[in-house]
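Note that chain A is present in both complexes that follow, paired respectively with chain B and with chain C.
After this line comes the complex of A and B, so read on.
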């Protein structure tokens, strides 16, 4: 574990991947909330020709600053891509999805075309460029870490300083308009930050899979929290974790697996786990809650049928559960089951009285009451009784059981 | 011996057209041209529908996930440890795997797990693509195969690819022509389509399947990402110039074919004159981008004339 941070060969790739995860997890949240996550996909591909041109220009004129020039080139060509998308959407009225796909693929094609020109004369340069396609964290040196660390810090600081703006902009756009927030400027900054995050991530995940790092951590974080600040922090942390684990897996694996896909797979695994198992919003807990509620409703219906001395449909499992709760003995109601059934009938009839009180026809209230009897809480029951002045009969002239006169 | 060896831009065309009806065996450049044009036709036809139906992001997913479909098909159908030639059997199985997995998973995340749509699409295709890359790297024990899949390699095309791309292009054209009225209805009037008790889901699924098949036939030549340019570029360019569906289809096919021909000629010219081997697929896409700009200029000029 510790060797990943100490070993002179391993530490730069590890820290670089983690910085990438932090930056993209944090900035990905903002695009996620705008429902524009796929812009990241287009922009990361649009950065590729910039990588190629940056390298060629730097190698020709100032060979010392190649890695910085690549980042600047990628940043600029991503911004150009963003501009083209914007123009296509606004000026030419092209649907957003088509504009994104067009920019993504055409920019990438131009990049591939220029890069292919280097394949014989400058094979070494081409190798350096191809690292950025699927990511090769192992090519990171200590010098890169300072560069990426600075950029990630810039992302974090901008999000912190813009926090209030972002909160209002995302959750109350009407208010933002009313108080004249510079929402256009904040949006522009948001996309610039997106580009910075992509630039930070290119070397470890690669432009092709960069979007997964912008999408998966926010989708995962959203499952665990409803607060904006904790959403941002959690998403950044999950990105950080995916960066570390993905890089570690590609180091541990015997086959020469590219780092980018491994990091993306780890991030997706975290995301899927959260989607299915998060306690509040996760799919399985929700499913369990719904099934539980349905079972309770069915048991309560049997209870009511027994109370009204109707024939029941004996489902052995439901009867067994009711026995363990002490509601019935054999197929007869226990005193506890009797009072439980009385409560259900009382709630049913109270709700009918309430609906008639609210102006509904008395012959149309039964279905609503059939559902509400399972849901009404004791507090609502007390309020209803007070509001309706302790009624003793429902609209169909049936007595309401258990109401004190 | 390739007769196009040492040809420059203009002698390429002279030679190309003089050989066109001479029934000699196909030279590599000609195979490239026919394969790329057939791919361009196939993808322009369905690309037009995808653009009109605003489903191009799904096509983007499919073009990434075909990798997993292809690996799956080879694992199911062949027992040798390498990716052999692409047969129709492999193509169909891979297209089915791709289409079904991608659509089902995206729908599962969006509709059942209730993740927002853009994120569902993004997670499914990036993770399936990552899985595909990992599997194909392990399967072929070749660390560089991922790059070829991303960028394509038009120089490695041979006669078998011509058969496959011809099959896919014919299939796309048949489906489009047979159901032309229905496609028109679905693209332009969803409301009428549903009030006529017309099931658009059947046609959506058909479109997904055709898109995956086209992506698979294209991926050896142009790779998974550049395929998207062939799919979206020509229809968007044609859309700037016409609003008639028939003209749109014909024009986008023409743009695709012209880009392919110009790209091959340019690649040959640059190789001969400057000895730089450029990626043909990259050039095709660059030409498609250039045609878009050209169409934009033409449109702006005609607009000014009308308003003046």
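After this line comes the complex of A and C, so read on.
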């Protein structure tokens, strides 16, 4: 494990990928909350022509500063893309998704065209450019780490210092303006940070896969958190983790797997896991809760049937569950099962009385009561009894069991 | 003393006029209802008050000064629909936002602040929900949290956009109780409202609006059959119609 941070060949790609994950996980949260995650996708593609032009210009005029020129080029061309999106939405009233797609494809297309123009004359340049398409973390050196580290640190510090602003601005934009927050300035800073995060990520996951790093960690983190602070921290941490694991997996793998796609896959796997298994919002826990409730309803219906001495559908699993709860012994009600059944019948009939009290016809209340008997809580039961003045009979002149006068 | 003074105020959305030469004053210590049909410019008026919209002519002052200078004394409660209720945040943190209105958002939150926020929650009967996720609340509970946030700001003028919209009777009553307490403390409340049946019970003063100011004053004087006809009757229909016309003419459709 430690070799990833010590080994002179491994450490730069590892740390670089982790920095990328942290920056994009953190900044991605803000786009996620604005429900504009696709902006990341558009801007990362819009950065590509900047990469190409940056390299060409630097190679022609000051060959020493190629890495820096590429980053600056990408940053500026991303900002230009953002400006075009903004103008299309504001002035031309073009729908947001159309404007995003337009910028994504046009900018990326221009980048690809220029790059392929270099194919024959400058094959070496083309190689350098293609690193940024799908990312090649392995080509990172120690020098890159300081550059990316500085940019990531800038992202983290900006988010920390703007924390309260961001909270109000995303939760309640009108209130933010009412208390005179500089909403426009904060939005501008946000987009600049988004571009910085993209620039940091280009080298390790590339412009094509960058958006997955802006979307997957926040989507995963949102499943587990209910506070803005913990949401940001977890999302950043998951990005960091994806960066490390993606890198490690590509090193450990037998066949040579590319790092960028591996990182994106790890992030997506974490996201899928969260979507399925997060305790509150996950798909599976929800499914389990629903199934559990349905099973309980079925058991309670059997209980009622036994209480009313009707024939039951002897589902062995349900009967086994009821035995473990102590509701029945063999196929006879235990005292506990009896009082449980009494409670159900009481709730059923109380609800019928209530519906009639509210003006429903007495022959139309049974259906609703069949459902409500499983749902009503003890608190509601007390309220119902008080409201209806402790009734002893339901609308069909059946006694309501267990009501003491 | 005059709390709100509106002079010859005209506001346009794009190029469509929404408020025409509105002119009125509100004295201190009253619960004021801002009443009028849909699209009459009630929310627009509140938003202009706090600088969310810029008037095309005229202006308004609070306690004799422009909004920017007395912003801390004015609390704004937006419509519930303008908020992202899926945002990951707890009730207490929403209430604490009231402090930013009071002293800016860069100050750290201290223990005393949390205690104050809890007091505000208690006052609207929402203390048991302090650490709940905001999306779990019902409409009425969300509205109470908003009120608690305004209380924490400790403002002298509260501007509320439809606090009773989509709220049950019990909550409406509970909110009114807090409003009356605030009035007794000498605060002024301006409330956008559209349920005409409760106007007489809820408010001391009424501003009746349908793009133009129809009337402004004590409920008994303003809330008359004649005025209501002006605001809601067939004569008001022309106002709506001409507004539609100007919208289509000025946008070139």
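A few points about this structure:
Throughout what follows, the second predicted complex is superposed on the first by the 355 of 405 C-alpha atoms of A that agree within 3 Å, B and C clash if a C-alpha of one lies under 4 Å from a C-alpha of the other, contacts with A are read in each partner's own complex, and residues count from 1 in each chain.
Throughout what follows, contacts are C-beta pairs under 8 Å (C-beta built on N, C-alpha and C of every residue); 3 or more make two chains touch, one makes a residue touch a chain.
Note that the coordinates shown come from a computational prediction; the quantities given were computed from them, not determined experimentally.
Touch criterion not met for A:142: it reaches neither chain B nor chain C. Between chain B and chain C, more residues of chain A are touched by B.
Of the two partner chains placed around the shared chain by superposition, chain C is the only one that A:227 touches, whereas chain B remains out of contact.
Once the two complexes are laid over each other on the shared chain, residue contacts for A:211 go to chain B alone; chain C is not touched.
By the touch criterion defined above, A:179 reaches chain C but does not reach chain B. When both complexes are overlaid on chain A, the residue A:7 reaches neither chain B nor chain C. Once the two complexes are overlaid on the shared chain, A:170 sits against chain C while remaining clear of chain B.
Of the two partner chains, chain B is the only one touched by A:258; chain C is not. Interface residues of chain C, counted against chain A in their complex, comprise 47, 50-52, 68, 71, 76, 78, 82-84, 87-90, 93-94, 97, 100-101, 105-106, 133. In the complex of the two chains, the chain B residues touching chain A come out as 51, 54-57, 59-60, 109, 112-119, 121-123, 126-127, 129-131, 133-134, 137-138, 141, 143, 146-147, 150-151, 223, 225-229, 231-233, 236, 239-240, 270, 275-279, 281-286, 288-289, 292, 296.
Taken in their complex, chain A has these residues touching chain C: 33, 164-165, 167-168, 170-175, 177-181, 222, 225-228, 230-231.
Within the complex formed with chain B, the chain A residues making contact are 32, 35-38, 40-41, 45, 92, 94-95, 97-98, 100-102, 104-106, 108-117, 119-121, 130, 133-134, 208-209, 211-212, 214-216, 218-219, 255-258, 260-262, 264-265, 268, 271, 275-276, 281, 283.
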